[in-house]
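Here is the structure we will look at, set down as structure tokens.
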Amino acid sequence: MQVNENNEFRPKIVAFCCNWCSYAGADLAGNNRLAYPADIKIIRVPCSCRVNPMFILRAFQRGADGVILCGCHPGDCHYTSGNYYTRRRMAMLFSMLNYLGIEKERTRVEWVSAAEGAKFAATMQDFAEKVKALGPNKRLEDLRCKQ
Amino acid sequence: MREVMVISMMKKCAKSNLTALLHALSVYAPLYLPVNGNGKDTRAKYTRYEDGMVYSTDLNTVRSAKDFFFPQTENLVNFKVEGKNIEIIDPRTEEEDFILFGVRACDFKSFDVLDRVFLSEPVDSYYASRRAHGIIFTMACTRPAETCFCTTFGINPAEPAGDVSCYMTEADLYLDAKTERGEAILAKLEDLLTDTDSTDIKTVEDQKTCIASRMEKLPLAALSTEKFGGDKLDTLFDDPRWESLSEACLACGTCTYVCPTCQCYDIKDFNTGHGVCRFRYWDSCMYSEFTKMSAGQPRLTQMQRFRQRFMHKLVYYPANNDGLFSCVGCGRCLASCPISMNIVKVMKTFSEEVSDNGSK
Amino acid sequence: MAANNRPETLIPKLGVVTDIRIDTPDVKTFRVVTPDGKKAFDHKPGQCAMLSIPGVGEAMFSITSSPTNEEYMEFSIKKCGCLTDWLHAMEVGQQITIRGPYGNAFPVDTAFVGQNLLFIAGGIGLAPLRSVINYVRHYRDRYGRVDIVYGSRSMHDLVDYEEIIHEWCAEEGIQVHLTIDRAQDGWDGHVGFVPNYVTELDFHPDCIGVICGPPIMIKFTLSALEKMGFSKDQVYTTMEMRMKCGIGKCGRCNIGNKYVCKDGPVFRFDQLDELPEEYD
Amino acid sequence: MQTITRDILLEKAASLLASGTVNRVLGWKKGEFIYDVTPAVFTNAEDMYRHFTFDCFCGANFSKYLIKETQKEGKVLVFLKPCDSYSFNQLLTEHRFDREKVYAVGIPCDGMMDASTVKALAPEGLTGAERNGDALILHTLYDGDVTVSYADHLPDRCKHCKSKKVVAYDEMLGENGEVTDAGRFDEVAALEAMTEDERFAFWQNELSRCIRCNACRDVCPACTCEKCVFDNPGSGVENKAISDRFEEKLFHVIRAFHVAGRCTDCGECSRVCPQNIPLHLLNRKFIYDIDRNYGDYMAGAEEGSRAPLVNYQIADPEAGEVVSGAGGDKV
């Protein structure tokens, strides 16, 4: 979590983006000068399927307030079926996190194609706002990592 | 560690006043005492006292009292790293007095076992500092369990020692100061305590007698240390029975972590993103990585690791510490091992003459 | 600050690497002093120190320089794990942390005095012996004849080759016997494994033996010496075990009732016989 | 229904040993007290007559031991309770041991007591116990004999038994049962009905007791990796210690996720936990979610089935749309 000059909470958000669609979508958003919150840190992965649950939990542990995973639309996976597995895995993981009392709005899976620069920006904007409304993540952080 | 006073000036507190007494103690210094859990596990655990809490009369806590002197994780030193430069920061703050209430005789004896490790030269100052600030109220065990075998190691649950030894009866709590520090703290509780007379002394003596007779009747009362000790290396180390004893061992660390006398630890660095903290934490000789190093792994089988744990408690430790065993008979490992293999079974097995075609 | 004034042995001191010498393709020797240019602490030959890089780890290394060197300490370190990889990647000027000295030492002021000495080392096993050898050279008149047998895989794997050739070999009363495992261009010395070479050299058991090297080499060298009439109580070695605290408490290097970090690492072979046979 | 007794099992084992069908028997060895039975390998009938035991405290699941046992010479006899047989199948599905080296004898089960459950009934001094139908008579040191209902005091995994049917065996002793599913998701549903804050408080209270002894992992028949990520110094999570607020949760979430779809709900994790953490509630949550969203699936019910998390359907619900039963959430 970070705080700006006005003492306003600015969420730290990690976005895992698949190389073939969503990362290109983010690129397009940039090229089109579409604004999305600067607190979103993009991590490029070869496929959304590359993201294992440990990545998500480690991000939270190290101070992320929200984690979003973006991949190709179902059916469009560069590796044919990676995102179908992602869909099941993340659905299960996020449901488990919610079961442990972690707010649902802190986690999200979104399909963003390389052509959807606008969707990328809008999704990030929306996600950041939802996370901001929740306030800082206190339930999954590692206290040692606090500044 | 501290001088034991010879003269005893026992005090008494009506049990109806126990809450007030605990409150007064908690005002004097942070007070930790066994309290029953409120979740899925209702067994007692040491908890920092807050008003409204009820002292648990459970025989023993799930985790031992060693946590207070040798916690499971502890920050040793912090570093700030910048370029080629390192800054070393001691993270400790001034330790304050604290009170441990309701420690059983076995756990109290475990402090002695740990002291001989941590307070021998070079002294572990983290441990030493907490040890010096811990004020210990022990509690005699009126209802020892079937898993208790402290008497095997010469511990008397009716004389639990500490700064103040406590005896609880139906109506009263008797407090017997055993050290100057115990005297001092009882003096501060004057309003809540009354003096004892010969009837009281008899009540306590009767309780002690009762405890002694109960101990004699316990199923493990006859357990003997005869076959063990610092000079028994040759007879025990190569015994083939280690194989069958350890065959079902899962290599988890439960026995080690619930044990009041296990003291092995590991040191590791954690990068917090803005510095490095070097912390130590309990480790277990039951784990396969315990002795693993880049040059190889000296203990390759679970049998070797299993043997190490019991040899250490029953042979190696006594060899270095005037015959004192590194077990206090608290029975925690008997209650918690997933496969119910424990020091009692090990001791009994080796106390039998070799039978069963030499291997079982 | 510390809650009491007692120095805490688990909290290290700062050290600075002031020189890095490449000995072999996988061994480098690091010179370490405190930030104000002094020696971090005094030690005896055979003792060890804990070196660490915060965030990477901490490990025990034998101090390879002689105690008679009052300016700095040296550590010859073979690259074989996470921390040593990091150490090998260091540049001069890097700060590290250091604590020690740990362990016992070779009995250079007692049992060794007036005796002939035979040092036998294999590979990086020379590291702990170098400290003793240079100590003995410094106080040359206290000891009798000195023989050094040192072998490695190849001539490029001989640690401290320059010092051996230019200083040790040149010194009177010191016989240096070098060997490498397999013949190699440019090497006109002995070829063969250390234990066999020791057998060939046929030492008279009128001296104290000190062996350090890989476990298998130690095993065969010891039996070679025994065949020549050496008894186990006149042969020493230094042991390697995983260590974390260095002060005999964390339990890792416990073998029998000994802690290698505190009661060792130097043992006589007759003392090792009294320990359980867990390690070769 | 024929009651399986120690004698029946002994006789079976003795005859299989005598005929040379097997050369070892994986069985329960009696301990000091009634509840502390230890898994053991017997090589002759004589040893078995002396040390083998079978009663209502023989809850340990033997399937995982087969990985180690089948690496030895000869065939091993194993007794499989319904629970164990699911793990047995699941391990076969994952090619963890050689089926040819095992002779499996199925035995019916109507719930097994375990040490911590029975000790909770008589915390101070339990010297013995006997079962007579539904009556469990506990002999205690200070309170005489205490009689309780066996069925009412079973551990959670047995109270809400998933199945009484042995699904893998070479030979069945007694009568095989049926799949029961006695409300095993009730407790999960109750948690789901809480608010996020309540759920967090519940798990915080439970998981903060964890001492990272790894018993749950080491006993788990689905945890059979050669090298666990939590033992790998290079993983960044090798940490045998609890540390502050999240490390133990990370361990349990990752472990539950790793066995999701492969967990046979044998409940060994909760049985062995020295801190009595209800770990099976994590595994059952995954099973419940999988059932609701991807169709009923019981790991180990049949050998060779494909686990749901290594499978997919094009029509699977999106992550934000799954049925997770979170009824008590903020609206």
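Letters A, B, C and D mark the chains in the order given here, with residues in each chain numbered from 1 onward.
The definition used in the following text is that a contact is a pair of C-beta atoms (placed from the backbone, for glycine too) under 8 Å apart; a residue touches a chain by one contact, two chains touch by 3 or more.
Quantities reported herein were computed from a predicted structural model and do not represent experimental measurements.
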Task: Identity of the chain that, by mean CA position, is farthest from subunit B - done: A
Open item on the list: Using Cα averages as centroids, what's the distance between subunit B and subunit D in whole Å?
Closed with: 31
Task: Distance between the centres, which are taken as Cα means, of subunit D and subunit A, whole angstrom - done: 36
Open item on the list: Quick check: how many Å separate the C-alpha centres of subunit A and subunit B?
Closed with: 47
Task: Distance from subunit D to subunit C - Cα centre to Cα centre, in angstrom - done: 51
TODO: For subunit C, write out the residues touching at least two other chains, lowest number first.
DONE: 82
Task: Shared interface positions of subunit B, touching two or more other chains - done: 266, 268, 270, 283
Open item on the list: Where in subunit D do residues touch at least two different other chains?
Closed with: 202, 233, 243
TODO: Considering only which chains touch which, label the overall pattern as line, ring, star, complete or other.
DONE: other
Open item on the list: If I apply the definition of touch given earlier, which pairs of chains qualify?
Closed with: A-B, A-D, B-C, B-D
Open item on the list: Taking the touch rule as given, give the residues of subunit A at its contact with subunit B in the complex, in rising order.
Closed with: 62-63, 144-145, 147
Open item on the list: Touching residues of subunit C toward subunit B in the complex: what are they?
Closed with: 1-4, 6, 8-14, 52, 54-58, 80-82, 84, 91, 93-97, 240-242, 244-245, 247-252, 254, 256-257, 276-279
TODO: Flag every residue of subunit B that touches subunit D in the complex, lowest number first.
DONE: 37-43, 45, 58-59, 62-63, 72-73, 143-147, 214, 217-220, 244, 247-248, 250-254, 256-258, 266, 268, 270, 279, 281-284, 287-289, 334-342, 344-345, 348, 356, 360
TODO: Enumerate the contact residues on subunit B facing subunit C in the complex.
DONE: 76-77, 79, 81, 84-86, 88, 90, 92-95, 117-118, 120, 122-126, 128-129, 230, 233, 237, 263-269, 271, 276, 278, 280, 283, 285, 290-295, 298-299, 304, 308, 311-312, 315-317, 319-320
Open item on the list: Considering only the defined contacts, which subunit D positions touch subunit B in the complex?
Closed with: 31-33, 35-41, 46-47, 50-51, 60, 65, 115-116, 119-120, 123-127, 141-142, 202, 205-206, 209, 211-215, 217-219, 231, 233, 239-243, 271-272, 274-278
